[in-house]
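The following block contains the structure, expressed as structure tokens.
Chain IDs A, B, C and D follow the sequence of writing; residue 1 opens each chain.
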Amino acid sequence: MSLKKPFILINFKTYLEGTGRRAIELSQIAERISSDTGKCIAIAPQFTDISTIFDKCKIPIFAQHIDPIEAGANTGKILPESIKEAGAIGTLINHSENRLKLSDIELAIIRAKSLGLVTVVCASTANISKAIAALNPDMIAIEPPELIGKGTAVSKTNPAIITDTVSLVKEINNSVTILCGAGITNGEDVKSAIDLGSEGILLASGVVKADEQEIILRELALQL
Amino acid sequence: MSLKKPFILINFKTYLEGTGRRAIELSQIAERISSDTGKCIAIAPQFTDISTIFDKCKIPIFAQHIDPIEAGANTGKILPESIKEAGAIGTLINHSENRLKLSDIELAIIRAKSLGLVTVVCASTANISKAIAALNPDMIAIEPPELIGKGTAVSKTNPAIITDTVSLVKEINNSVTILCGAGITNGEDVKSAIDLGSEGILLASGVVKADEQEIILRELALQL
Amino acid sequence: MSLKKPFILINFKTYLEGTGRRAIELSQIAERISSDTGKCIAIAPQFTDISTIFDKCKIPIFAQHIDPIEAGANTGKILPESIKEAGAIGTLINHSENRLKLSDIELAIIRAKSLGLVTVVCASTANISKAIAALNPDMIAIEPPELIGKGTAVSKTNPAIITDTVSLVKEINNSVTILCGAGITNGEDVKSAIDLGSEGILLASGVVKADEQEIILRELALQL
Amino acid sequence: MSLKKPFILINFKTYLEGTGRRAIELSQIAERISSDTGKCIAIAPQFTDISTIFDKCKIPIFAQHIDPIEAGANTGKILPESIKEAGAIGTLINHSENRLKLSDIELAIIRAKSLGLVTVVCASTANISKAIAALNPDMIAIEPPELIGKGTAVSKTNPAIITDTVSLVKEINNSVTILCGAGITNGEDVKSAIDLGSEGILLASGVVKADEQEIILRELALQL
């Protein structure tokens, strides 16, 4: 499954509503809405659920993290090859809940690219986005940590951080795609994020923790 | 699948020989030898491979690590529930390649126990084993890091570390099972580890990286 | 300057009220009260202030942390020799704001002891205290993290954690001294901590952030 | 003491030859050579030695690290204010022996700047240097980790990494000063580093571990 821009990327985090059997159900909801609306929806489930979702759903899958390691003696770490073989087409890197050392971000990007994995590197500020752009990822997701999970969309609260990110990143590397995250809960938030120059939406609790996952996700997709 | 003591626990680490399709093949080898010999063989594959192995093999599966977290906003972390739902019956904790803070070892043990997961906590010295025993894990694996992957068995090089561990740990908590790791490559190593008081063997490269995985594992199992 | 039990150990943390010139002033207050009351008061200032306090005050000085390293290429780390040569007689290890891996706690204790430095290892639960006792530190400070800086004394809120710690630790290693921390703000708290079996008090904001540092510290010392 | 470009910055790391009394002696050597030659020599001693060196020597002092924290409850951490009050004019950040998360590099730079401290951020590759330039430090020290302490100068082995760093960084932020580190042991290495576009030299073992610290440092200074 390949990506088509603009797209929505749903991060399942370690919510129980996105674990195991419920991860599969949510992936099937996403697949159905994607099919109905023609919009691209990707997911980032937990490592343990990637292969089962890959077997059961036609939907682009990202890992939530990779470790910047080579195959070898690394017990409990996430080998980039392992998520690829399980069915992922890409990975989040440096999520605010899993920040990496700068040197490890560079290594993780290099490792992922060598395997043909799409890299979505998360950033908390416009300057951090600019710094990451120097490392040539495929995509940068700008997410002010103070807005994550808060239900207040960055595109409303702080639109300048998106437009600044877009302009600073494009200055460094024009081929980087900008995603926008943090606090997105309705279709209007999606629309304004796209209008401000992002080409995708990264969100989590707004869908995963919603009482009506299918209804809210459909609303978001329709505004993409 | 439940454990029967004594047993062999094969840690696949992040070796390519134990990733994806090759993880399944190695699990099937272990299952076959276990069936042939009547000896218990368990495996600790990568997170991404747990559910597929669970579907295809009758063999006790451990995770290589869990994070001491509750369900929630923990992108890229290993939720204990996720490995259980994928099919693991237990988990390694504090492997020398993934050392935890002391307070996190306590939390990880508590979380795993609350889910009925078997805890195998790794230790590098006899005193560390004693310290871990105070936190009431199910099992402690004593592995001097300087011997890991070296092909020289701890049971030969430093038998006192095993007997010291057994006596110190039993003093604190008599119900803890001792596993012995590091450098085990042949049946004689297995036999002497058991003779010294351990009730299981933790090993990795000796099997996973072997040219003839099936031959070596069968030799080890026969000496159990 | 040597320690005399029971004693008060004031952790300056990185409070501005305990940094630089104000660290020296607070140390002089402690020295004066110690001299007036005959009670032992020790301090744990920031690394940068150890040598100046050592020059100007007769008072036992602890570091707030050491890294479990040997002399060598460790830029920005805390070499145990460096705090000793600056004038410290001991060090905190594994404070709740600076938790260490279990294997590093063992190494830090070994390194400190080899230099004759007194080790005060912090613990958050009675079982953690028991675990640490297996590593043979000189002292264990039991500090439930949820009470740190809260102004509610552990000796009042959760006296059982102190008595449990004392009995579990003594079971393992009878020569370990127990300190009691978290939330101590007045003389009565000190008295009850000592009555419960601890031989010292570890505190920080209760003195360092007090409007009247000298008045509160004198009250605490008188109840020791 | 202020900096004058070009300059040599000697990182004392945690070498015993640069700890305590021997840190003062080495600082006095540096001061004397600086005075004799008119060249600027700065030092980065351990935290515990900053204030004593500040009292005894007229020489620009850097810390080896700061934590990206505010004053408060951070036991064992390095408060930027603490190194300033001890006498440092600046700090290393993100040394290869003390790598930081990308978001912490940004915070550390912001905190240091707010106190008027000079920031020297270390980088291992030209692209990492470019990324750091986006965060607006005062200086970037390019040090390929594989050459550190090896006695083979980067300016000889891999001159392109210096010229690439200079051009990539200047593209982003023309006001950033480039230092060159790793493997510098003689005057010729200094000269070639300067010729390649760096405005300073960061070195450690080449001077600190030298049998004749004064002779080698004088040779380096004369080629500056």
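Going forward, contacts are C-beta pairs under 8 Å (C-beta built on N, C-alpha and C of every residue); 3 or more make two chains touch, one makes a residue touch a chain.
Not measured: the values here are computed from a predicted model.
**Student:** If you check the contacts of chain A and chain B, which chains show up for both?
**Tutor:** Common neighbours, chain A/chain B: none found.
**Student:** Measuring between Cα centroids, what's the chain most distant from chain A?
**Tutor:** Using the mean of the C-alpha atoms as each chain's centre, the farthest one from chain A is C.
**Student:** Do the two copies chain A and chain D share over half of their interface residue numbers, or under half; same or different?
**Tutor:** Same: when the shared numbers are divided by all numbers used, the fraction is over half.
**Student:** Averaging over Cα atoms per chain, report the distance between chain B and chain D in Å.
**Tutor:** Roughly 44 Å, centre to centre.
**Student:** Using mean CA coordinates as chain centres, what's the gap between chain B and chain C in Å?
**Tutor:** 37
**Student:** At which residue positions does chain D touch at least two other chains?
**Tutor:** 96
**Student:** Flag every residue of chain A that touches chain B in the complex, lowest number first.
**Tutor:** Spelled out, the residues of chain A in touch with chain B are 11, 13-16, 19-21, 44, 46-52, 63-65, 69, 71-79, 81-83, 85-86, 92, 95-98, 148-149, 204-205.
**Student:** Okay, in this complex, where on chain B does chain C touch?
**Tutor:** Counting only chain B, the residues touching chain C are 94, 96, 99-106, 124-125, 127-128, 130-136, 168, 172.
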